[in-house]
Every structure is written in C-alpha cells, then in structure tokens.
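Labels A, B and C are assigned to the chains in the order they are written; within every chain, residues are numbered from 1.
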Amino acid sequence: MRSVLWFVGRKLAGMLATILVASVVIFGALYLAPGDPASLLAGGRQVSPETMAAIRAQYHLDEPFWAQYWHWLAGLLTGDPGTSMVLKEPVTTLIMSRLPTTLLLVAYAGTLILIVGVVLGVLAGIGGRIADTALTLGTTVLMAAPAFVAAILLIWLFATKLSWFPVYGSGEGFGDRIYHLTLPALALSGGYLAYVSRITRTEVRAELAADHVAAARARGLPGWSVLRRHVLRNAAPPILAVSGVTVAGLFAGTAVAEQAFGVSGLGSLLVQSAARQDLVVVQVLSLLLVAAFVVVNMLVDLVNAILDPRLVKEKS
Amino acid sequence: MTSPLLEFQNLRMAIGDRPILREVTLSVAAGEAVGLVGESGSGKSMTVKSVVRLLPSAASVSGAVLFEGTDVNALGPKELRRLRSRDVAMVFQDPRATVNPVHTIGHFLTEVLRDQGMSRSEALRKVGGLLADVGVDRVERRLRQRPHELSGGLLQRVVIAAALATEPKLILADEPTTALDVTTQEEVVAILDEQRHRRGTALLFISHDLELAAAVCDRIAVMYAGEIVEILPAARLHEDARHPYTRALLRSRPGTVAPGERLETVPGTPQSAADAPAGCVFADRCPQAEKDCRTTRPVLLPLGTGLAACHLLERNA
Amino acid sequence: MTVLALAFPKKLARIPWVPAIAGAVCAIAVLVAVLAPWLAPHDPNAVDPLNAYAAFSPEHPLGTDDLGRDLLSRLIMGSRTSLAGPLIVVLAAGVAGTALAISAAWFGGWFDAAVSRVLDILFAFPGLVLAITVAAIFGAGFVAPVVALSVGYLPMIARVMRAAALRERSLPYIEALRVQGFSGWHICRRHLLPNLAPLLVVQAAIGFGYAMIDLASISFLGLGLQPPAADWGLMIANGQPSILAGFPQQSLEAAIAVVITVVAFTVVAERLAERFGGGVR
C-alpha cells in the first residue's frame, strides 16, 4: 500500500513539476521575442498610450520577471487569465464557449480510436490470415494520411460526392454537434486508430503465444474466458498506454481538425489567436493543451499501474 | 489386468514434414506414477501435451491417445474441455511463465472451480485447504497476493494445489522442478509425490533426470529421439537397465564413479526424431551398434522385468 | 512529441524492391528541389485568371489553380521549402541533441540527471503546439516554426542518443583510451561520435518524415509561409475553398506530394534502421 501511495505521489509531483516548468517557459517566451512585451501583448498593433498603460498595469510589466510570472500564474489559478487585447473579451469567456466542442471532439475521436481500433486489432489478432492482411492494408493506408490530408480527402468526398455529413461548422445542440464533428473526428483519429489497432494486434498475438495462455487452455477453461481473462486482460496495459498517449496527442491535433472543418473550438482559437498574435490567449491555451497532454498521460500511467501491479514495484 | 487409465498407442506426430514423435506406446494405470525420461528434444513434452491436445496447430498426429478407453483426438470441444478441467491436470515447467501475472493467486486457484459452477466462498475454502496441504503458510494472505510476490518454489506449490483442486485422475508434470533452485526442487517433488499418493492420483512425470524420476515413480520410460527405447520398474532401474542408452545415461551421473575420476558422457550430441537414423534411433551414438541397427528398427520387447527396443539385446536374449 | 506513428513502412521496408523505389523517390525529390528553377515549366507565381482551374493539358500537365497559376510549377518550386524545412529541423535537432546526449553520458552525475529531467519536460510539449506558440510570438513564416520544431524534436533524438552513448561509454575500449591519457574531448569526438553516427543518421531520417508532416500542418494552418509562396502545406490549405467549387486538384496534388515524400523517406529510414539498428520505438 505504501508503495502504491509513493508511486501515485511521485507521478503527481512529476506532473505538477512539468506543468510548472511549462508555464515558466510559455510565459518567459514573451521575453525571447524582439520588442516591447507590452506591444506584443497588445497584439503588435498601435494602441493608445492609455491601453499600453493598462496592459503594463495588468501584467505588472514594471516589476521583476518573477513577480510578473507570479501575477500571471495567480490569475490563471484563480480563474482570471486576463482579457484578449485583440478581441476585447475575457480569455475565460473565449475558452469556456469553445471548451465543450473541443472536449466533445476529443472524446468522439478518442472513442473511435479506442473502440474501433482495439476491436479491429483484436479481430486481426485472433482471426486468420485474411483478417490480418485486411487490417495491415487498411491501416497502412490510414497511417499514410496525416490529419490535414485526411481532412482534405474527407471534405472532397463529402462535399462533392456524398452529402452524408456536413463539412463545415460546429453545429447547435448535442445531436447536431455530434453530426458536425463526425468528419473532424474521423480526420483526427485516422492515423492514431490505425496505430492503436496495429499495437493491439501485436499484443494480442504475443499473449496468445504466451505459456500462461497455453496453461489456461490446458486447465479446460472455456475459450471465451481464456480470451477475456488471460489474453485481453494481459494485453490491456500496453494497449492502454499507447491509446493514452494518442488520446493525449489528440488535444494538439484539434488545431488541424478544427481549423480544416471550420469548427469553433480551442484548437482553432489557438490557431486564429496565433495568426492575430493575440499572445494573451495563446499563452493560456498552449499551457492548457500541455496540461491536458500531461494529465492524460499521468492518468494512463495510473490506470496501467492498477492493471499491472508489477509496474509499481519495478519503478519504485 | 483392467484397461489402463491412459494409453498411448503407436502415437506418431509430425510438424509439417518434420517428425517429432516416431512411435510412442505407453500406458499409465489408475493411481500409477510413470516417469518419462529423456534429453531435451526427445519429444517427452510433446507426448505429454498430446494427452490434453495442447499441440501446435501445424502438428499432424496418427495413432491414438486413449484416456479411459476414449481417444482424446476424437473428443468434441465440450468433452475436451471436460477432460482438461476435470480428469487431467497439468503442472508446467516454469510457474513464472505459466501463471498469469496479472491475477491474484486466489483468482488463479479458483478460476476453474468457479467455471464449474462452484460458489466463490466455497471455492476459496477448498483451495485454502489445498494450499495448506502443499505446505503454503499464511494462506489468507497468499490468496490475495500476485505471482510476482511469491518465490518460484512457493509458486510451483500453488500450481500443484491448482492441479489438485479439480480432483483429477491424472496429473501431467512437465519437468516441474527444472526452473527452480536446487534446494527447493526436492521439496516440491516430495509434495507432489505425497499429495498424489494420498489421493490415489496417477502421475505422468517428465524429467531429464533418471534418479529423480525413479524416486517418485513406479515405472520409468526412457525416451530418445521421439521413441521409447526402454520401460522398466523404477525400483530395478540400476540393476535391470539393459538398453545401451539407459545404461549410458546411468553411467553419466555424478556418484557413479570414484571422486577424481572422469565422469562418463553419452558420446555424440542429443538427436531429435528428425535427425535420428532410420533404424534404431540410438544407432549413431551407440558404442556397440552393428550394421542392421541403422537400417532395421527394433521394437519394444519384454526383457526381464521390463521392455526394451534393441537388436543387440534381442540377439543375446 | 509527435505521436502520429510512421511505423507502418516497417513491413514495406522488408520487401526487397520497395526500399530501392523509395530511395529513388527521395533522390528525385531532392533533385527536383535543388533544380527547381530550371525544371519548372512556368513562373509559379504567374497569374492567368482567364485560365483558372484549367484541366490537365500538355501546357499545364497538372492543371492550374484558382488564379490560373501552373500547378506543376508550383509543386516543383514548393518542394524547396517543403524539403528544406524538415531538413533544417533534423539537422539542428540532431546536432544539438547529440551534443547534449554525449555530454550527458560523458559527464554523468547531476548533469546527466538534469539533462534527462529537462528532456522529460520538453517531451510534454507537443511539437505542433510549440510551433504555434512560437509562431504567435515571432510571427508566421518559415523561420519560427522551423526553430520551434528543432527544439521540439530535440528530446526525441537526444533520448535515443543518450542511451546509446551511455552504452558505448561503458565499453572497455573507452576505458583503455582514458588509460592511454587521451582527453575526454578527443575520445568523444574521435571515438564516441563516429560510433554513434549511424544511429544519428537513422534518427534523423525517421525524424524527417515527422517534421515534414508537422511543418506542412503549420503551413496548412496558415502559420508558416504566407501566400503567394508555393509550399505544399500552404497549397493544400489554399486549395480548400476550390474543393467546394468542385476543383480539388490543387489540394489533392499537394497532399499526394506530401504523402509520397513522407512515405518514401520513412521507408528509407526503416531500411537504415534495420541495417544499423534503432528504429521507431
């Protein structure tokens, strides 16, 4: 029990340290850029001296770096990350209005990856040559297409040939959103899905060949039990680890998928804010995406430790 | 004599066109312990695995493996499961590799019982008693532990307990102590021997160690290159062993010569069924081999207290 | 870290003729990029509105875009930035990553621990997010994303190189050289580095495919090169409105160019990895 607590504690500490360092880097990047931070924060455009003064006051730009950083971090933690100088809207409002769409998109793509990817991988793993070859061919095609290429192909297909799914916009209400997010989720998940199904297939194959599976068969357990409790259960940790990393990566991938399909989410907000050089928004969003990436990775590590208790022992 | 519990009748096996077993004929009576001894690659594991049909998918089998008079190769999936889960239990070589590492010991022990419809509490009570029988202490705690928390010897005792749990008629033990420390080997073998005797369970014990097999078995079958070359009572092993291979094996054991003298070895390297000669499988390495040994295959013939397959012995008899 | 796996050509790389074709594709791509100004049949920026969305013809083998610019010429010219970007990224990340890895392995102790910790933290920055953030600060263009990705790819290469350098360093011949009184600098440069070079080449070749996809993504998002530059990622994005009008060729041709180049480079990388060790993962 102590080793478990120690394991969780170390993971949590590592995660917090990473996010903390990331926040310093992201905030400090402002000072790497040429020019006056105040005018950068104003979006690089000419503003009145009063606005400049307001920015200086809000960001405590006259104080030392660490004090500035501290004010910024404290603002983030208390839920007040500032106001976009370009859009003249609080960052919180900007993020909150787009967060549900992005979470839905990530959840949609993640579900596709986990369910379709794992099911296909298991089928190819336990199936015969034909199933295996079919999977290899299918995944090779999927993996060759990065998200933006997949997006272009989907738009071409569904805008001009088939009109099953909308190729633009975020939709209103849950059902309509799901409907609108189908193509973005497909574009986002394609390569990852193929990758996860490949890994699943390999892991299932490896477990099927393992001695303990032969032993379970020799004990006369029903085939389904052997598959579920010995093959799939044991293949789960590595599959989950890979899936987790891919799902964490989805947050970064939303930038491409949302931008390509005109979905109004955090990814497209990041891209558009970057194009407008709206640093106030970009800093918060990139920290948020890094944090999401790190948190998902840590959750995967923890779930894996529960599934395979040997991990706790080995690493501590 | 009543029909034996287990009987191999002219069992042959090949993977593709590579022979694994050339001809195995052997029986195990109810409650009897038979030791199957041979070098690695001689086909002893495959012989044992054929009882529960745990063979590579590419294997082709001819001949018969009869369990209580029924050919196991003719069993349907349901009967095969019944055979595996109730009538026969298997103890493998390396408990680390053959016990699923992610489940608890309790789960491992009760899995088959639960599948047979026993309630969880009853199954736990039963395997708890069995663990105590095989000399595992702190049973309650062990049931909650996982394989990696137990030593190899302890884990193999758990495997033996699991084998006993379904009250099988036959236990197949495939080199059950090879993966263990020398010091724990004897304990594990002693426990297996004691529990089997107490329950009257038959045992097919595979080993590369003649003396070890002789210590726990009633009869010894010596295997070489996919064929059984000699069968004899374990108690008469040293006195009655006649086949040149068995005798060579006996001479190559430490303790057979005075300290300081050079230990004899079996000349040549172990062969498998695929590269052994067409006649007597041992002809290439036999110091007394004659011309027809290489071309004509000897059959197992009664000889003294046992059976042996050797032209030289036939002639001298 | 880019998670999109390019592990797929592993099997392809084992079929005998596939690496040869992939190698030829890579060589052609590089040649085209070098000789682009002489190969392009038209001025890639010559606008001809009357000839917009022209179909395939001897004059315009791959058609024209919405402004009537010759797509073949734009693809050929676009290969320059599309290949140079990832090349700079893997060179910069390779050199810096290897230097860091060798020093960490050589000095060990707290320095090694600190380097490893920093690499772990850098790993948490998805390359794409890093590039977008840097583009926001320094402005869109060619330089900012390339610099950002160089930093983003550093941990991937440095991690592998550090592990290899540690292994190499523990070999007896290093000890022997030290006994002979050679300086650490000399041993690292003359002995460690040459022995690690094949692995570095493999890592760089693998990274090239990833970097190409990431840079094309940045261009696609409008944060890389700006119009009217001819760059594959940018061409895909610029062609997107035309798809809805029923003229997908600009986007599709550029997308195919990206995919073929990435696959070819990755197949070659896998082949190298098979020969020298150290593949993906």
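By our rule, contacts are C-beta pairs under 8 Å (C-beta built on N, C-alpha and C of every residue); 3 or more make two chains touch, one makes a residue touch a chain.
Small disclaimer: the values here were computed from a predicted structure and weren't measured.
Enquirer: Going by the stated contact rule, which chains contact chain A and chain C alike?
Expert: Shared contacts of chain A and chain C: no chain.
Enquirer: Taking each chain's centre as the mean of its C-alpha atoms, which one ends up farthest from the centre of chain A?
Expert: Max centre-to-centre separation from chain A belongs to B.
Enquirer: Compute the distance, rounded to whole Å, between the mean C-alpha positions of chain A and chain C.
Expert: Each chain reduced to its C-alpha mean, chain A and chain C end up 22 Å apart.
Enquirer: With chain centres defined as C-alpha means, what is the inter-centre distance between chain A and chain B in Å?
Expert: Chain A and chain B have C-alpha centres separated by 54 Å.
Enquirer: Once you find the CA centre of chain B and the CA centre of chain C, what distance in Å lies between them?
Expert: Centre-to-centre distance between chain B and chain C: 58 Å.
Enquirer: Among the residues of chain B, pick out those that touch two or more other chains and give their numbers.
Expert: None at all.
Enquirer: Using the touch definition from the top, which residues of chain C touch two or more other chains?
Expert: none
Enquirer: Can you check the complex and tell me which residues of chain B touch chain A?
Expert: 52, 54, 80-86, 89-90, 92, 94, 97-103, 111-112, 115, 146, 148, 162
Enquirer: Write out the stretch or stretches of chain C touching chain A in their complex.
Expert: 1-8, 11-12, 120-121, 124-130, 132-140, 213, 216-217, 220-223, 233, 236-237, 239-240, 243-244, 246, 248, 251-252, 255, 258-259, 262-263
Enquirer: Going by the contact rule set out above, which residues of chain A touch chain C in the complex?
Expert: Residues of chain A touching chain C: 14, 17-19, 21-22, 26, 29-30, 32-33, 40, 44, 136, 139-140, 143-149, 152-153, 155-156, 159-160, 167, 191-192, 194-195, 198, 245-246, 248-249, 251-253, 255-256, 259-260, 270-271, 273-275, 277-279, 282-283, 286, 289-290, 293-294, 297.
Enquirer: Spell out the residues on chain A that touch chain B in their complex, using ranges where they run on.
Expert: For chain A paired with chain B, touching residues are 210-212, 214-222, 225, 229-230, 233-234, 307-310, 313.
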